[in-house]
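Note that the chains take the letters A, B, C and D in the order they are written out, and that residue 1 is the start of every chain.
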Amino acid sequence: MTENLLTVTGLSAVSDREGGMPVLRDVGLTLKNGGVRGLVGESGAGKSTIAKAILGILPRTVRITGGWINFKGRDLLSMKPQELRSIMGSEIALIPQDPQTALNPARRIGAQLADGLKLKRDMSARTAEAHALQLLADVQIRDPDRVMKSFPHQLSGGMRQRVLIAAAFAVEPELVIADEPTTALDVTVQKEILRLIRHMQSARGTGVLFVTHDLGIVAQICDSVTLLYAGKVIEEGPVRNVLENPNHAYTKALIAAGPRYDRPDAGLEPVPEAVFRELRQEIGIS
Amino acid sequence: MAEPITITGPAAKPRRTPSRLRNLFAERQVLFGGSFILLLVVIAIFAPFIAPKDPLEQDLMLGSLPPAWLDGAEPGYYLGTDDLGRDVLSRLIYGSRIALLVAIVSASLAALIGTILGLLAGWYGGWADRIISRIVDIWMAFPPVLLSILLVAVFGSGVHSVIAAIVIIDWTRFCRVVRAETLAQSQLDYVTAARTAGFPRMKILTREIFPNIVPILIALVSLEMGIAVVVEAILSFVGLSVSSDTPTWGGMIAQGRQLIHHAWWLLVAPLAVLFTTVLAFNQLGSGLRRALDPVLRR
Amino acid sequence: MMTLSRRQALSLGTATFLTGVFSGRNALFAQDSSTLTIAYNVNLPSFDPTVGPSAVNPTIQAIYRSIFDQFIGQGPDLSFLPGLLTAWGWNDDKTQIWMDVREGVKWHDGSDFTPEDIIWSLERAAKQETGNPIQFVWSTAGNYKIDGKRITGDVKQYDPTFFKWMAFLTGYVMPKAYYEKVGAEGFEKKPVGTGPYMVDAYEGNAFLRLKANPNYYGGKPAFDTVVFKFVPDATTRVAEIESGSSDITLEIPYEEYDRLKGKAGLKGVATPISDIGMIFLNNIDAMLDKNVRLAAHHAIDKKAIVDRLLRGYGVPIDTLEAPEYDAYDASIKVGYDQAKAKDLLKASGYSTDRPVKFKIQTTRGFKPKDYEMIQAIVGMWRRVGIEAEIEVYEIAKHYELRAADQLAPAAFYNWGNAIGDPTTSTGFAMFGPSPHSVWNTEDLDNMIMPLWGEKDEKKRIDGWKAVSKYIAEQGYVIPLLQYVQPIVYKEKLKVVPNVSGALQPTLVSKA
Amino acid sequence: MIAVSILNRLIVAAVTLLGVAVIVFVLLRVVPGDPIAMMIAPGASPADIAALRARYGLDLSLPAQFGVWLQSVLMGDFGTSISLRRDVLELLLGRLPATLELAFAALIVALAVGGAVAVAGTLVRRTPLEPAIDAINGVLLAVPDFVWALALVLFVGVFIPVFPLSGRIDPTLSIDFLTPFYLLESLVRFRLGVFFDVAAHIVMPVLALALPLATVITRILKEALLEAMVQDYVLLARLKGMSEMRLVLQEALRNAVGPALSLTGVQFTFLVGGTVIVERIFAYPGIGNMAIDAVINRDLPLIQGLVLVFGAIFIVINLAVDLLAAALNPRLRHG
């Protein structure tokens, strides 16, 4: 346990809106200190639900029915709101999915970056500003002074995502949850952002839980991967193992379906319907 | 580089919209507003059968009787009488005729004019849009109360003047919304597709765009009816609406106000009815808007 | 040491504000008793009492009579008293008039009042372009000469009511020198008169503050300060007197009058005034039928209207002459008779199933219960076979339509006649060539014509009585009632009601 | 670039005002009333009437009348009021400040009350208090403006007589104001006694105007706030550990205020229109009160001036709201 930053055990949840349908089925996963774990699945597979459960921001309609989320030896699920609030944003941070909506359009970048520093690291306004400037430089923004004074709409999507990455790493967290941080970006920008996250992560030794639906990204950035379908863990292990020797037919089919990370010229076979039928039978849904 | 690798599959169940709860709430609003308005329409149509007395029948000997549950009431006058001895309940019932007439006719006419101009401005753009938008701007620069008082002064008082005043003032509400909505719709893919397919522009407007505007239009009409009821009441209140002894709610309010200490029911009864009606139209309108507007429903 | 947090400082500020508000209130309640605050029912549009529509508005005369003096004064019982003229009259053959001017009077600006002012005022009123609505009376004399304190002038056309008008609408003396100096607009900004009160401050649609004229020839008035608050809304006027913000108010609904006069600390007085309510008939359409006219009159139960609708505040009348007027004849009666009304209509082929139809116009809220009264009358008509459609108009519209002779077949109006002369009631209302008349037929005009210049007073009055009788028989007009004016005031005051309806501050005193 | 867009708006405003002038003129010449009829002395000859007509320019053709009228309006000559016998422009300028003070005080109160309720409603969202606030506000939304004024006179005026019911200032106070802005001037010159008196007089009409507007602001602003509260940037800010109050005030409010503001601008024009009846009921000496007298007296020059002034106010308000919205929205402010 000591080397694990995050351990999720037997996590189950149901959605009240869907008439009590299970959305997480006995999920377990671990993340080592300084490790990067990919959390993969199609829409509705439950990957975002896990991320939200860790952050404590599940919608009211989703109810956790069992399990533990152990962060540095403490169960997040049984914590009081105050304790959670002191951990979130300082020890655990989030890189959100859509840089368009994740920055307040009415406030300047500098002020938004400084918020976390002032609130979580008790910095004075002046120190926070200097620190924010440094952070912008760290995320390879060329003209940090100008960006500090800019409003979000004056920046490109990639720039905004850099700012959000800076904001996430600003508080020196031990765990960063990256919720599909590149989905909304151009493919070319995507790569730079992935490299940046990897760079920030390894320089600081931060653990990253990387939520995505893209196996190619997993291959680029993650050490280990957990594959979900319909709220159940289908396959789990070090990236290389899973991608090269998948156990499950679904994993195999997925890899066959996508352009292969090592052979982009191959693939694009649709996942056979039979695989889904088998999967559903296995999990126990009709 | 190829498209990013994404996992897609038929497994995802069709999700219910996240606003199911809100829709329920909306339906409840529609239910309340709609059933009250329906009741009112029935009452207005069958007023002669429902009203216990002739609303014009006066008896100075029976003036200012209190409602049935108070001391000194006369049997048969459930909500009491006014200072001319006319039955308050019957006058309220007959008053709903004027209120609904004004509401329905003026809101429909305002919607008709506003929609046509709004569609033209939003769809054809260019100078048509500029002219229509400018007229709307100028129009909206008039204070509505003053303008309606002036208009009634021009046309003379009466129901037709009230309706004319409301239509002349409020068509702009429809025009603005319809124009914006048309503009938004015309930039959507299905319109582009239709245009590329070579459909005539007018046909696209009437067959493709207009049906998509109808829901918000219905909601607007309902809200407008509530406004019309209030405007009629205000004009009756200042004595510029129906001037005969035909009962109107606003006229009853103005009359009751003079006698508030003497016979409070003369003010409270029409106020309560006016208020409930406006509330019903508002609820119906906003409920419909929530339920029908694709943007709000999200 | 005491330090204040920001929040404490803010709450202190609030406390100061509230104290300020309440102390402001207290100041209002603690008004010294030498201030009289009147919640008045109409706004004062113009200070010039001789020009424009406001000059003939009877209600505003209370204000004009405070600031200005009339040529001839008038008591609350309509009797004529010396004003700025101490004596007046005609020579024997009525070709000349003479007037004795009061001496030692000063204008509010300190200058002396002289006979020149009287002549200037009369000549100005007689000039068409001045816009005096009563110009047709003032122009019947002219060529004035001063001989010491006596003025003489030539009669161009004998008008027996000439001197009566001097105590009535537009009969005010204006300052010649001052007016010529400042002009019409300057006069509106700072009016100057000889009256018991001087203008101190004025804010249109809000209030007029007057202060006592210490040099008034009739002695210093009872209050140092008089405030007219212009509160056109009756409900707000009631709230004003009930909350104690005003000392006296008038023209409130009779129900409210009955309620308020019974309240502790308040008193009320309601007396008949020289205003009558009437329905003008126009000689068009259905009204050309004498049966319809008379039926319409007989069908109205005036007593029920007064007793039930006006709660007893009103005096039913059958001619345009109220009991206080010179040509009142108690023997002329029309009477309420539903059966007779039905018979009359039947004779012309009308019944409740086949009613005669016409339009009736009325004001609403201009006089107490005017609109309700017309609704009641329409209801009474409906029972005998008359279907009248009501149209509401503003009083200005009435004047307009009447001047153009375009009134509906029936039109409700109230007629003020504060000098009680038959010419200013029956005369102007019924004489065809008069621009104020509505019924225009030759039979009546021929009957009235000789009375205008009749020099024998007894013959003149008898002549008018005969006219009234003829009108009643023919049904050319429907007189309804004489109004009663309700006034509510604080106990500490004493109020002398004025038959002319003008609530003059000089008629109010401390009890 | 900003200067160009402001200039553009100003030109548009001027064109709009001209359009208003045309409509005002046409509308009022259709009034089937004749102001001259009121001024005719009994026995006046047709020649006299014609002379009066000429004096008021009523004898020319309609376009000529408009030309004459527009020219004189542009020169600041609005004519002379027939019933008040004073220069129309002077009357309007004398009365307008009273209405402006009333309207702006009402706007501030409405924004404060409506804003506070909206923020409170957002803070208690998803608790049983929220539907309660929504329901009460929904009910109050259906109360017409003039009913608020009636209720205030009847209940606050008589039963709790704290505030004066009529007028703008205690008539026994000496008024030696330098400007017609009593409230502002007494505050600036720190004459607190006078200020409190004027403030006390304005309370009732302000409430009558502000409360109906506040209900509208509450509804619009709360909707916008709720929308903003589910945005990702609020989520991130919450993760940073911001308090709920700060989330609403710092993060959501600034983004919600834009759409709420433009709708408030429209509503504010309704409020200015509402002064007509409210000023009448509370005997407040503004242009609304004067407007009713003008219509009753069929005072043509005054009515024209009034409608023009009302139109101008509306245009200025809309312009101000546009500019304010632009100033508050960084997207519009910075390219």
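Operating definition for what follows: a contact is a pair of C-beta atoms (placed from the backbone, for glycine too) under 8 Å apart; a residue touches a chain by one contact, two chains touch by 3 or more.
None of these values were measured; they are calculated from a predicted model.
Across the two candidate interfaces, C-D and A-D, the one carrying more C-beta contacts is C-D. With centres computed from CA atoms alone, D is the chain lying nearest the middle of all the protein shown. Most remote from subunit B, judged by the distance between CA-atom centroids, is A. Taking each chain's centre as the mean of its C-alpha atoms, subunit C lies 36 Å from subunit D. Taking each chain's centre as the average of its CA atoms, subunit A and subunit C sit 86 Å apart. Each chain gets one centre point, the mean of its Cα atoms, and the points for subunit A and subunit B are 50 Å apart. Chain centres here are Cα means. That of subunit A falls 52 Å from that of subunit D. Residues of subunit D in contact with two or more other chains: 33, 150, 154, 295.
Residues of subunit C found to touch two or more other chains are 235.
Against subunit B, in their complex, subunit C makes its touches with residues 234-235, 238, 253, 255-256, 259, 301, 304-305, 307-309, 364-365, 371-372, 375-376, 378-379, 382, 389-393. Listed in rising order, the residues of subunit A touching subunit D in the complex are 55, 57, 60, 85-86, 88-90, 93-94, 96-98, 101-107, 112, 115-116, 119-120, 151, 153-154, 164, 167, 171. Within the complex formed with subunit C, the residues of subunit B that make contact are 56-58, 60-61, 63, 83-85, 156-157, 239-240, 243-245, 255, 257-263. Those residues of subunit C that touch subunit D in the complex are listed here as 17, 20-25, 27-28, 31, 35, 37, 39, 43, 45-46, 48, 51-54, 128-129, 131-136, 184-185, 188, 201, 203-207, 209, 225, 227, 229-233, 235-236, 239-240, 242-245, 394-397, 399-400, 403-404, 428, 433-436. Contact residues of subunit B toward subunit D in the complex are 134-135, 137-138, 140-147, 149-151, 153-154, 156, 226, 230, 233-234, 237-238, 253, 257, 260, 271, 274-275, 278-279, 282-283.
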